[in-house]
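What follows is a set of structures to go through.
Same chain, two partners: subunit A is paired with subunit B first, then with subunit C.
Here is the complex of A and B:
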């Protein structure tokens, strides 16, 4: 799985939790909560969804890494099990 | 004492608890004394802003820090009592210059900013009514509240304005002024708005506080009921007496202590204990402008030498989830009291406080209508884990039941479940539901205010929360009206009917779940589900919208056509469904 696949999958997860997010205007570098109405419960659900979708363990202290789409993609890429 | 009781942290040397002996305090406390202790005299004038700010300056404490605001990058902005006094006077003058009459309502749609302090206290100083709005609300709840509240002035940011207000502005006939707090100097002002900072700069910093009385309305807080529109709860200037007394008796605040209330200023806690009460105690408030983040919170507690911390169960449960390893990255030698409000704090969370911080969380109970803490675990003595605590001095609280004759009677035997009721007469008791005197009258029966929460009281006088007596949902400490969410869902063209309930959530307490019945001929599929969810979030905001939507072919209804939320909840939770004799609809 390369970074583009990861980004696509992350965007799917994100718009399942918050379908009101306008993907066309999403700035991947900026924190999600600065661009959209995305609250801490959404962030928690996003972390859980990412963890389940990619089969990676995300401890609470790493939740900050999921703040923007790009930082989340980089986080997933560096934590994917080998061969995934 | 109960097996659940845990010792509080002892008072540090040189400091004595405001309430050291519960029984003695209950015997000696009177609200007349409390008013006198606050104001120092029998002047019939009483003004919240004066008691919160001017009084401290008058006492010679003007150079003390009233608040320290911390932004995302960790930059601190300090505000002294004198500075706050001047900015409030300026805003009071701005209102006059704009021709806003005394008693008119001024609202904020802001995060935790210095401007919020200026607007809230400046409006109160001028004799206006202050109404905080929750910045996570979407356009629909905002429209309802701005209209119902007869809001004449709104202070907000350009981002919030464009996202949530611009589209509904034409409907707000009573809204005369929108003042914009610029987030950066180069930001363009939206059409039809005025620059807040510029108005403030031009105004005088001298203002004679309006000669308000105890009975004059000061605050307008919106809260949610099961049916109908949100309720505009009004509190008078006398609320400051109870907010000050409880800031001492429960939060045990002493002058110049460092105090951190994490509540959002859009709700009553963020104003009563995130602004008014603590300032009357001349403390320094820590105001974190960021959203919840465990590492950041621990760092603030440690680095700012926080003495007293008032937070909420959802945040505590998130900290628990993050683990004590993070807690232990810092030390908290200054932290001496941790309290919680918003929803019942489970015993595990209270006990976790001991593991993580060496002291328990103190649960407290109150609601918008009570205007101040009514039931609490106190700083001195012991916390009973899982209990809401005991009645505050000056408060007559009971568990009551309805009699066969339609009256109300107090339950004397311990541990019997009934509704929490309070004897009217405390100064922060709500003075009305705006424009709805019948609903106000209906909150009182046989000389009791009925709170709508079910509880039992044990032999020692500790209250234990059981549940709500109605269908109101409490999520992350916020009351959410199922009616308001259902109305928004039904605005979607594919939706015929909607029913909304609260389902248990390990972090938020309850989460909003919606059952949606589609119009005939509309096929339920995942794409439509997401569209409806997006629609609800867009109208209501993330904090109020459902987190989950399920399709239902026919929602259970009574014979009169009323949707039975209670039955949906019972099915969802696998509980007994009760009496179904009036039911129609799904088998």
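Here is the complex of A and C:
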């Protein structure tokens, strides 16, 4: 799975947990919280979805890595189980 | 068996109309009390409205796509005789959409002038209502939410009745404006603030979450909601409704959780019996509420059930949020952002995560002294999170 697949999958997860966001105008570099009024529950839902979809554990101290779509993609890429 | 009308309920003092989007039951089908009967689009988003009765659907009166004023007959149900007497205790905030004892249906075309005898209208408002042909039901239900209807109320009703366009955001803003104007007009608010050391709660939370998968973790808001609910349950005068000139306490604490709606506005659906649920259960229900606000599957009962509200601006917030009471409730607790700040502890200045609580409460029910005790109780509970 390369970074582009990860980005695509992350966008799918994001629009599933928050179908009310305007995904067409998403800036992958910008914090989701600043773009979409993401609250702490949205952030947790996103972390849960990412953790389950990619099979990786996300400790609380790493939540900050999921702030933007791009930082989340980089985080997933560096934590993917070998062979995935 | 008797035949009753199912009317569009009011999902709060700020709601005037809704558009029927879909029937979830068909004629001949059985429906249980609390089961969704239809999906409607309101200024608060898409909501599944629930039946107040057990019975069978006789016919569906309203067609999908129709804009209906609050109180409009949507369907007819066949129910057991007398079943209605015990109807809907959990829909107390509704501005009398479906009277417990069904009154004989008023003639549909009852002129505004006749209604004015019962509904208090200013003279200008009465004239305007006649000119605009506002229906009796619309007037009657609007009147249930306000003492006297003024001309601007009539203009708003006409707007709603005509199904005038105006995007969802404007409708939401208008709904919030109406409810908050009523709160500021009718409720003598008093405000109290209290800053607490959130360190113990944060440390407990980190320890709780550490071994758990993301889906099993808790967030700060759940601890705060639980603490407020427990404090409200142990105190007098903060949990319930002020209606008909007096305070009606509620046995259970149904904590309304203010949730921001993207694009503007907010809703505050209830976490039922929040005082008696453990944190993981409350977390699941809170999580589910937020998901359904996002995906548009709120249930009508959730909107009218809250007996006290908790509101927060989240991590991006400022130090203090001075909230406004959501009528007919009598108290609301706002939390500022969690913030590291200098704190005096055992004669030393230390840096602690601090949280400022602000209470707005109704002076017709309680005084500052009781309010202070209530806030201190919340702080005390948050200082001992393992007991929540």
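Criterion: the second predicted complex is superposed on the first by the 84 of 84 C-alpha atoms of A that agree within 3 Å, B and C clash if a C-alpha of one lies under 4 Å from a C-alpha of the other, contacts with A are read in each partner's own complex, and residues count from 1 in each chain.
Simple rule for what comes next: a contact is a pair of C-beta atoms (placed from the backbone, for glycine too) under 8 Å apart; a residue touches a chain by one contact, two chains touch by 3 or more.
Given the structure is predicted, the values throughout are model-derived calculations rather than measurements.
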Next on the checklist: Under the stated touch criterion, which partner chain does A:57 make contact with: subunit B (first), subunit C (second), both, or neither?
Outcome noted: second
Next on the checklist: Is A:20 touching anything from subunit B or subunit C once the two structures are fitted on A? First, second, both or neither.
Outcome noted: both
Checklist entry - So, does A:37 touch the first partner subunit B, the second partner subunit C, both, or neither? => result both
Checklist entry - Is A:47 contacted by the first partner subunit B, the second partner subunit C, both or neither? => result second
Next on the checklist: Touch test for A:4: subunit B only (first), subunit C only (second), both, or neither?
Outcome noted: neither
Checklist entry - For subunit A, which residues belong to both interfaces, subunit B and subunit C? => result 18-20, 33, 37, 39-42, 44-45, 59-60
Checklist entry - If you look only at subunit C, which of its residues touch subunit A in the complex? => result 206, 209-210, 213-215, 217, 219-221, 259-263, 286-287, 290-291, 294-296, 314-316
Checklist entry - Which residues of subunit A touch subunit C in the complex? => result 17-21, 33, 36-37, 39-42, 44-45, 47-48, 51-52, 57-60
Checklist entry - For the complex, which residues does subunit B have touching subunit A? => result 136, 138, 163, 291-295, 318, 321-323, 326, 476, 507-508, 511, 530-531, 533-535, 537-538, 541-543, 547
Next on the checklist: Which residues of subunit A touch subunit B once you look at their complex with the stated criterion?
Outcome noted: 15-16, 18-20, 33, 37-42, 44-45, 59-61, 63-64
